[in-house]
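Handing you a structure now.
The chains carry the letters A, B, C and D, assigned in the order they are written, with residues numbered from 1 in each.
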């Protein structure tokens, strides 16, 4: 393959090439990184992707608009709710639909729960990559509670299919709000517990501070979004910049880092979990009444046109670009995958570091191959 | 740097703190569910194995159209039946197959079903339908959909043919949805 | 849903119902209509920065799309980034209009300006066998996006440092997101391992897998 | 000791068999306890299906590993590939010949010592033999013809070499206090002193144990087999019996490090405060406790701490590991050596 040849070392050099993945415990799926190593130091890295390519965008073109929603669940499979939210938001935008306030609040709750769930997976796997085993299980215990809430709301735990164009398919079940509140109330204590394990830990600090540094300017240049961008100190969040689903009614902070290293991104994500809890508390406190579904035609036929709509997914800006030709199926439905674009900066971030740092950086980018390969 | 800061940078107190956390977890209640003996309780809306009722089905093909991956295959024909002394044309199902091995349990078929109570529903709580041979064992014809041959029903659930009704716990799949114009 | 609406030069006609207005979710949805946007602030800005750049400008659902000349896209992109401050290329993709006479593909650039948080869409029309100047020199992020467009649509980007397939493999025959690419896929076995699978062998799309 | 055949052949042979079996069983059950304790720390239950509450799990694992297909990579260096596990497991088992598990006792009129032999250079023997094990790791890593294995082997070599130094230096402080290289004498010296050596040698004790963790390639120093970086490090390509040997050696080495720590710093088979509380230990309520129980108990504490570390800490990066070894532990242990030497001179010179 020409991929390999382009990275072949010179015949008389001490450098070696190594294919890191696609079957490797720490590449979060089927990522393959072609590494050129000088000892353990990375001279060059080249991500090779596409092992999980399923042609999702092609499949979208044959589905009805509501029929695409289950497919979006499978993009970033750790954050199905925000994927749903981005898709239905895009279609609602092209349709000119306004979502009822109760539906918007339910969406925000699902999205924030999903953000917490996604960040807990990230923390568990990131810590596991760096060698700490136990946080993986502690975080998954919390995630299971969130998945229980999802299951109760929409009947699935992972691939939620939880939103529809125009609103929400279901009303909340009796007692869901109480159970959600119970979860939200105990969750900050758990985050504090995880932080006791890691934040001050000298080994954790050694492994993350100054690793995978990316400056604010080059983060923008590389199109990073989400925690990797905020870790570099850019205060930018789609929820604040283009508030959707009435995010402007909630009071929350955007945490930012200072140095753009792995430790800062870690702190940013930990703080994001707390901020999500804050949003959830506000949602639960002032959950509006009313319908959960707007008046939309049964067959959704948007007018001819094109629209881009994005949400702040747990991994970064997740956007959908809908091109409609007036039919019941999208003419083109393009995903702007946050992970795909964040991963692109990997070579920049790991050049000159050690193999162990590559793991830390892959972990800190929080990639999900389902979204990268689509 | 203060004395305590200096001391903390030499003596790894924070590592001891971490050990304390894991040490405490040693005595906490375990989260494991011993699966075959203890079965996790699905929630009421849990999308599990299909329930299907031939009597209720009006062969409208709405579910097949709603299915994003086209795994519902329906064939029907018209028959003359006598209802209240009048002759009426009625659609009769010849074939109602679901290729469960490809199903992603999105529940859109259930949502599309116009009959009340539903003719197809996924709220059966049953999730034990694993098989060693996917092409045959996970292909459900309308007979198998009702007899559930090869599916272990969740405790308390009986196969559709024996009269298990959809609980309709969601208040109908499209509860709260405005009537389409 | 007017979140990503730009502070528009042409005031959006928001229908304000008179007394006792129904909430918007109980009304029929107000379908957005495309509107000429040559007088839109963003478009005028662009026209001032680059002479004769704008071929067509449309505003739809609050988003401004400017069609520009294919040959000049790298130049216009650089002007947008350096003069107008669109430092962040959010998205780059393409749309296949199979039988359109003025060029089969639209390549779409979606840019963001941090200063006042506005977005602008550039669009070029490309024929099936013409090249588009690459914007990787302007925004580094365009690298993989252009590779993806090349992979999925077969649009060539002139000056791209490493224009390879990205999601499919080297030697894949076809461009999946073109409208004439069959949905059920193609026989690809032979292309991957020509020495293992004879031409026409290998995994066959729609086969039984036995 | 009338019959020389009994004294020189039968008794050692029986001891060898007993110790070997005990060590192998201990290593196997170490893996069980490790899985169980880790699971409990991680709010899981751990293995509980084979036998009552999972107690036969190690046996099942052993049988599985023994009957598993033994894969040799096509382009591996066959002989060396075979030699690797042998070179690892043999020294790990040989070391047990000098570890005193308890004082000599009478059995059927014979004086039986619960150790194979008391060499007067016991501690040197242990340090020497146990460092042979690193060859097995390097050679195994190299012979697998796998870059990850190779890197694992190299990491292991550098790590073992650097941590042997502070470990040796911290052992020397004990030798200064005990005036002997024989492990039995060291324990007896602690009895005479009336205090376990970890109190005067607290720094040496800490360094010894941390270096011991590093020597056995355990978390947070498990870089040679760092799963997330090197897949499985030097034993990536090993399977079946050969993998079992590496596995056995790792756990046997843990037991070795723990038992040496017990002997050197925690008074071996002595009960706590052997002189001060002598009356208590001799009282009929407690006199039944055999000395070896104390030994096993102390060892178990160390082994538990090993597992506890594994359950808690992230992993060092390789250069940080080297920094820690060369820039922290070696200088500190040198200073500590001088300090303890001076202390011994001052107190002993009185």
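Annotations
By definition in this document, contacts are C-beta pairs under 8 Å (C-beta built on N, C-alpha and C of every residue); 3 or more make two chains touch, one makes a residue touch a chain.
Quick caveat, the model's predicted, so the values are computed rather than measured.
Comparing mean CA positions across the assembly, the chain most remote from chain A is D. Of all chain pairs, the one linked by the most C-beta contacts is A-C. Measuring from the averaged C-alpha position of chain B to that of chain C gives a distance of 38 Å.
Between chain B and chain D, the centres computed from C-alpha atoms are 53 Å apart. Chain D has its Cα centroid 63 Å from the Cα centroid of chain C.
Taking the mean of the C-alpha atoms as each chain's centre, chain A and chain D sit 45 Å apart. Chain B has residues 15, 18, 21-22, 25, 31, 178, 181 in contact with two or more other chains.
In chain C, the residues that touch at least two other chains are 26, 28. The set of chain A residues that touch two or more partner chains comprises 134, 137-138, 141, 167, 197-198, 201, 203, 291, 294-297.
Those residues of chain A whose C-beta lies close enough to touch chain D in the complex are 16, 18, 24-26, 40, 127-134, 136-138, 141, 197-198, 201, 203-204, 206-207, 354-357, 359.
Interface residues of chain A, counted against chain B in their complex, comprise 63-64, 66-71, 73-74, 134, 137-138, 141, 144, 148, 151-156, 159, 161, 167-171, 173, 193, 196-198, 200-203, 291-298.
Remark: chain B residues 12, 14-15, 17-18, 20-22, 25, 31, 42-47, 66-68, 104-108, 111, 122-123, 169-171, 173-178, 180-181 touch chain A in the complex. By the touch criterion stated above, chain B contacts chain D in their complex at residues 15, 18-19, 21-23, 25-26, 28-32, 34. Chain A meets chain C in the complex at residues 1-3, 49-50, 53, 55, 57-59, 61-62, 89, 92-100, 103, 166-167, 218, 220-223, 234, 236, 241-244, 291, 294-297, 302-310, 317, 319, 321, 323, 331-332, 334, 336, 340-341, 344, 373-374.
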